[in-house]
Structures are given as C-alpha cells and as structure tokens.
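The chains carry the letters A, B and C, assigned in the order they are written, with residues numbered from 1 in each.
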Amino acid sequence: MRPPSPSIPEKEFLFASLKASLRLDGRQPLQLRTPELTFGPELGWVECALGKTRVLAQVDAKMVKPPPERPFEGMVSIHSEISPIASPEYEFGRASEEEVTMTRMLDKVLRRSDTIDKESLCVIAGQRVWHVRLAIHCLSDEGNMLDCACLAGIVALRHFRRPEIEVVGDEVTIHDPTERAPIPLAIHHSPFCFTFAFFADTSIPPILDPSHLEQRLSAGLVSIALNAQREICVLQKLGGVPLAPDSILNLVEIAVSRAKELDRLVDDKLKVDWSGRRVEFR
Amino acid sequence: MITFTSFPSSPGGEYDAVRRHRETDNDMDVDFDDDDDFSSNRLRLTLPGDYLTSSQAFMRGHGTYVHEDQVVASVAGTVERVNKLITVRAIRTRYNPEVGDLVVGRITEVQPRRWKVDANSRQDAVLMLSSVNLPGGVQRRKLESDELQMRNFFEEGDLLVAEVQAFFSDGAMSLHTRSLKYGKLRNGQLVIIPPILVRRLKSHFITLPCGVDLILGLNGYIWVSRHIKASDQAGEEGFDAEAVYSNQNDDIDEPTRGAIARVTNIIHVLAAHFVPLTDTILLEAYEWSVEQEEANKGLFQEDVAEALVASLHSRS
Amino acid sequence: MGSRVEILNEGGFRSDGRRQYELREVTIDLSQQGQADGAAVITHGLTRVMVSVFGPREAKSRSQTIHDRANINVEVAISPFSAGERRKRSRGDKRILEMAATIKSTFEPVVQTTLYPRSQIDVFVQVLQQDGGLLQGCINATTLALVNAGIPLLDFVCAVSGGVYSTSPMLDLTLLEENDLPNLTVAVMPKTGKSTLVTMETRLHVDRFEEIFKLVCSASHALHQEMKDAVRVRTTSLVTAMGTTQSNVGGDTMMDES
C-alpha cells in the first residue's frame, strides 16, 4: 500500500527551505550523507548506511561449469530485492517500479560496466570458472536507496577475497583460507552512483542524495554512476522535469568531484579493515 | 553496400513518407509578428510547440498554453480566434461534449442508480436513473423496485441515443433520455467515425428516401437503421414500455437491409477520405452509388471510393 | 573480441556508408490504424516502431484513476521476428518493463495530463524491426502518435542516439555500432532545448561525453524538422479533405468574423 502523500504544510515547508538552500537534515544542497561502512566477520559482507538508509551486501563465489558460448569467462550475478522490511510501501512478491529500476541500474553499474575482470575468474577454460554472486538486501529506506545499494555492492566486491586455488593438470585444489591467504577479485574500476533530485519549481536548486521526503516530493531524478578516473559508466535521467543540457553537464562535474572523495573514503575504510584482519590469516 | 529498404512503404496518401534530405526549408510556421495578422481569412495550421502570439494581447483558449508570455499551441490543428480568445482545434481527437449535444453511446456498466455509457469521450458518460423515462408515464416517480430492475431498461452493451444534460465537476458528462426521440436503439447498425466529421446540423435525425433512418451522434457514433414512420414513433401520451426498452429487432425486408448496408459502407468510405457528413452529401453519395450500380462491396475498392469522393467534390 | 567490420574507415565512412554526423533515413507514416485514436510508424533506417495511442478514455480500473490528472499507461512489445535472432520476450522481461517505465516518465511532464482528470491514455509500442536506436524510435513514434491523437503536448519530444568511436563522435547508431561503442540516447524538447531523457549505459570519459551530448542535442533539431513536416503534411491533407466537399465547411473554423 502506498502511504498517503506528504501533508501540505510539510510540502510547503520543504519547498520553502530548499529555495533558501536549506535542507531539513542540515546538509548543503549538494552534500552527501557520509556513508558508514560496517564490515562483517566474513569477507565480502558489508553494511552500508547513508543516514538511516541501510543496505546490506554480501558476496560469495563458487565453482561452476561455464556456459559453452563463453568458455573463458567467469560469471557474475547480482540478486537484489526490495522487501517490505525496507518500508511498508513495498509489497512482497510483486516487483515494484523502484525494484525494476534498481535491479537494472545495479546490473548496469556493477556488471555491464566491466567492473570485474571476468577472464581472471576462469580456472580451466570451458571446465571450471568462478561464479561470483552478489546479494543486495535493502534493510531500511530513508531515501536514495539506489546510491546506497551501488556503494554497498562495489565495496563488498572489493572487500571480498576468494580462496586461493591450485591447478595441476585437470585437478583443482581449493585452499582453505586458513592455509593460504585468499586473493581479492581483479577489479578494473570502482563506479559510484550519485542521484540528484529535481523539483517541479525550477527556482529550487537540484539536490544530491535526496532523503525519503525529498525523493517523494521531487519531480525527477538523475542518476550518474562514475569512477574516480572521470569515466561515466551510467547516466540515467528517465523522464521527469526537462533539464537544460548545461545543467546536466554541471551535475556531471559535481559527480566527478564527489566520486573522487568517495573513492578515497572507501580506500581508507577498506585499508583499515584489512589491517585489522591480517592477524587472523598468518 | 547496404541499402535502406525494408518493407516497401505502402503507396498511400502523399503524407505517407518523408524524405530526409530536403534542400529547401519550407518552414511555413505561422508567424504572428503583428497581431493584425489574425484578420486574414486564411486557415492556419499549427503544431505543438508553435508560438502563436503574445499572451499580453490575447487570451489562451483550448489547445494552447502560455510559456514566457507567449501563447503556444499544444495540439496540431487549426487556429481559431474569437475576439481576443485564441484556440486551436485538433483535427483528430476524442469527442468534446457540450450541453445539448446529441450523442449515441453504449452502456458499459450498470451501477447503483446510474449507467455508465461509452460515448467516445475522455471519460465514460453517466446516465442517471432519474434522467430516463420509465414505463408508465413521464411524471412517474422512481421507486426502489426500479433500482433493482435497472437491467430491464438498459443492459451492458445496449446502444442508446441521448442528449448531454450537464457536466460533473471532473468534466464527465451526464446524459438524459427524457424525450420520445431518445432511448434504446435497435433495427440497425453502428458506424464509428472521427467526431470532427459530424457537423452540427438543424436536426441530427435524418431520414433518407431509401427507407433508412440515420442518427448522427456528435460524438462520431452513427446509428443507421430501418425507417420508422412518424406516426408509429410519436405514440400516445403514456408511451409503450415494451417498444421503448425492447431488445427484439423487427423484421427487416431484403431491400431495406441492402439500403442500410449501402449507407453504412458509404459512411465508412467517406470517413476514410475524411469527408464531413451532412444529409445532402449522404444523399448524393447514395444516389451516386445506386447510379453506378456497383455491388455494395465494390465501394471498398480504392478506385470506386475515390470516384465517389471525386464526384462529391465536383458537385459541391 | 574486436569486430571484423570497421566502424569508421579511413575515408570517414561508417559500415553502412554514412558519414559520422549523418542520420539514417527517417520515414514517418501517420495514417489511421484500426480503431486507435492516433497512430504512427517511424523508421530510422532498419529500425521500425509502430505506436498506437488510445484515449484519453475511461480508466480500466479504479486503482489506475488519478483524481487530478490522466494516467499514462505504456506497454512495450518487441516482436520476436524483429531481431536477427528469433527470440520471444516475456511481458515481464526487466528490460521491457524498464523501457515502458522510461517512455512513461519521459512523456509525463510533456503531456498536459491535468486537462483530463480520472482518464487514462494508453500507449502501445510495438517494435517491428530493430537495428539499433530502439529507444529513440519508440520515443519519436510515441510523440507522433500522441500528436496524431490530438492529445495536448507542451512540445515535441525528439530522441537521437549517439556514440563515440575512440575519439570520433557519431550519430544514430546501428545495432552493429551500438554493440561496439559507448552510446547514449537523449530526448530533447526542441523549443526550450531541454532534455527529458538522457541515458548512457557504457563507460565513457566525461570530456567525450560532453562532446557527444551537445552534438546529439543539436541533431535532435534536424529530426524535429522532419517530424514537424510529417505532421504538417498530414494535418494539411486532412483539413483540405474536409474543406473541399463543402463550400462552407468549417465556417466556424475559418476566421471569417473579421
């Protein structure tokens, strides 16, 4: 069931404060909520929180036989689901429009932009490849779940390490993580997704990382996924308020700088976590 | 080399295909630099997004909107001006009801104390139980038992002729059949044409000399039926419920059936060539088709149809 | 795996003989199709899309009525025979659902839906042949069908696709080019030059993006002219057809009062 739309005073207050470049949670219009990354006991288990939006990502890998048309490539699959745990407005079972958008976007950002080197996942051509599975669970929706899910997904992939293997002839030995240190996935680049919200009233400036209320009242979203190397992976403005070309290019510039900041932050967090773990696997 | 031919494009009207390479820019955008430009007696065509005139000097009407102090067209069609009011009438569109219009419709739903009627408009029309004549006299009070047997009067799928009585606040129209002329339709067949082809006439009940009655609904629904003599129709004061709400067709003899079919086909042909319908045109077309002694289905051959339309052009 | 076909040869020609900035041939057919209120078939080279518009009409179900505006319902079907490889897509296919949602949200701010409260506008998109530029074809055909149905729009919506081959931008990609190149589709409202839709799904450097984005925006004006011409010819032919049979036809349509 859809919750009732926000009340008129709520709406007017939000619009009036946005016009004055104020946001209800005290952020600047183009400020991101600082992501909080919590790593679990296992490798490839990450919980990412943007304010009260929380997404859990978990990666595992197993050996499979590759499909005959791509014998030299490993497989990557992404499972994502928005269940009623995130917010009562999502129904169980039926794919909502948000879910379709999110699934497709995750697929484009994390899989089709060649984030993972699939050929490095090949063990024996045509016989054995790694199948990397990324599961995304949305735990709580306080706006901008897409960015949160993308961030959780990419961090989980970078955090994950697969067991070391040894190939002798046709024999494959998988070493237990306690015997040999597991090795990280070969990752080409780390795309980050940024969502901007627009409002029907054009005097309101665009805002980055909309909260739930802002998202509900917005009249158009632009999602840009890019990496720190200034490469856009996905740019998606599916309808909504028409925008001038210049303002879209502006957003791209903003996203570029945010991507660099976020990349640094993720690098640091991963380094800290890894240095804390190293002891276990000596 | 790759050539860009897929399916051969059908040789239809000259508007079928547009070449991409154009040397001349025959942009005939309507240009209203000076406001007096409206006074010329030329038909103006506009397209969505075309600037029409300043919104300071003129008022915007249907089919337009105001953008940056300019009146801009939002549909493709002809510009009309009444004093300071600028409207654009779309060529092909759904029926826009006005109070007093005669429409032909089909019942889609029976609801408490009302019927929903499809009348080719943007929403289904409403026919209230209180706006129909019930058996037993015009002045009769509606009873609870009438509510329970609404399907005895009109059922889903029934066709009826009615008049637009009023509008609801959301723009849906309310119909009434409180006249002996209106009510359930039988003994004929329905033809659907674009509503713009039905002009407002003195009477929308037309009787052709070939024994065919026509009801030209302004919504583009046309009822072609067997002629009913005026004396039969009028009836007495307390009119016959059986006849008005009957679902039974009368016996129709062979020549009348032929005539109904011929008129129906003529309407189809005229609509395909976008010819507005009037009683005179229909009559001329009917005579022409009888003169030609074409079999009824011959009308659908492209050359015969074009000859018919051409002969109408020459006569007018 | 590099493709065997040269995308852009030394002479500056593409695999189908076009230059970099050349669009494919566009044909537009606006003739009546069945009982639809408006219909359009557009071809961009070998891509062919048919759109039928029904409405505004009574909404099918209570849940689909919106009390203050019309609901736009878009359904996309891709014919199994439309591509080289015969393949039936189910209606629940994520890609098709996404495309339908994209078309719907592209047109929601353009169609004046507030004029038709509680109604529904049905847009049925049928892809007959695909050779790249599927989304652009769908959007352009939908615009034309809506105009043809007399539904008020703020402006045309013209979509063009583009891609970049190493450093050279190209317009209106075929399927072959689309598979090999980073590509984007932009839908522009020509009057204001603003875009309602921008999608890009492949990696591309920001500077390259800027170049192709601007190019695509300007190319949409050429397409706008084509679409306007087609609608104008169609409207003119209908108006003349109505006018010739009756000398006084449209006495009310002509400005004869002054």
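As a working rule, a residue touches a chain if its C-beta (ideal position, glycine included) is under 8 Å from a C-beta of that chain, and two chains touch if they have at least 3 such contacts.
The chain list, named the UniProt way, goes like this: B = Exosome non-catalytic core subunit rrp4; C = Ribosomal RNA-processing protein 41.
None of the values given here were measured: they were computed from a predicted structure.
Centrality annotation: C (chain centre taken as mean Cα position, compared with the mean over all protein Cα atoms).
Pairwise, the chains sharing the most contacting C-beta pairs are B-C. Each chain gets one centre point, the mean of its Cα atoms, and the points for subunit A and subunit B are 55 Å apart.
The distance from the centre of subunit A to the centre of subunit C, each centre being the mean of the chain's C-alpha atoms, comes to 31 Å.
Separating the centre of subunit B from that of subunit C, both taken as means of CA atoms, is a distance of 30 Å.
Chain contacts: subunit C has residues 189 touching two or more partner chains.
Of all residues in subunit C, only 15-17, 23-32, 35, 37-38, 43, 45-46, 48, 55-58, 67, 70, 112, 116-119, 129, 147-156, 189-191, 225-226, 228-239, 241-247, 249-250, 252-258 touch subunit B in the complex they form.
Contact residues on subunit A toward subunit C in their complex (touch as defined above): 95, 97, 100-101, 103-104, 108, 112-114, 189, 219-220, 222, 226, 230-245, 248-249, 252-253, 256.
Across the complex, subunit C meets subunit A through its residues 94-95, 97-98, 101-102, 104-110, 184, 189, 192-207, 209-210, 213-214, 217. Against subunit C, in their complex, subunit B makes its touches with residues 1-2, 4, 6-7, 9-10, 12-20, 22, 25, 27-28, 38-41, 43-45, 47-49, 63, 65, 67, 72, 74-82, 89-94, 108, 116, 118, 122-124, 170-172, 192, 196-197, 199, 272-276, 278, 281, 309, 312-313, 316.
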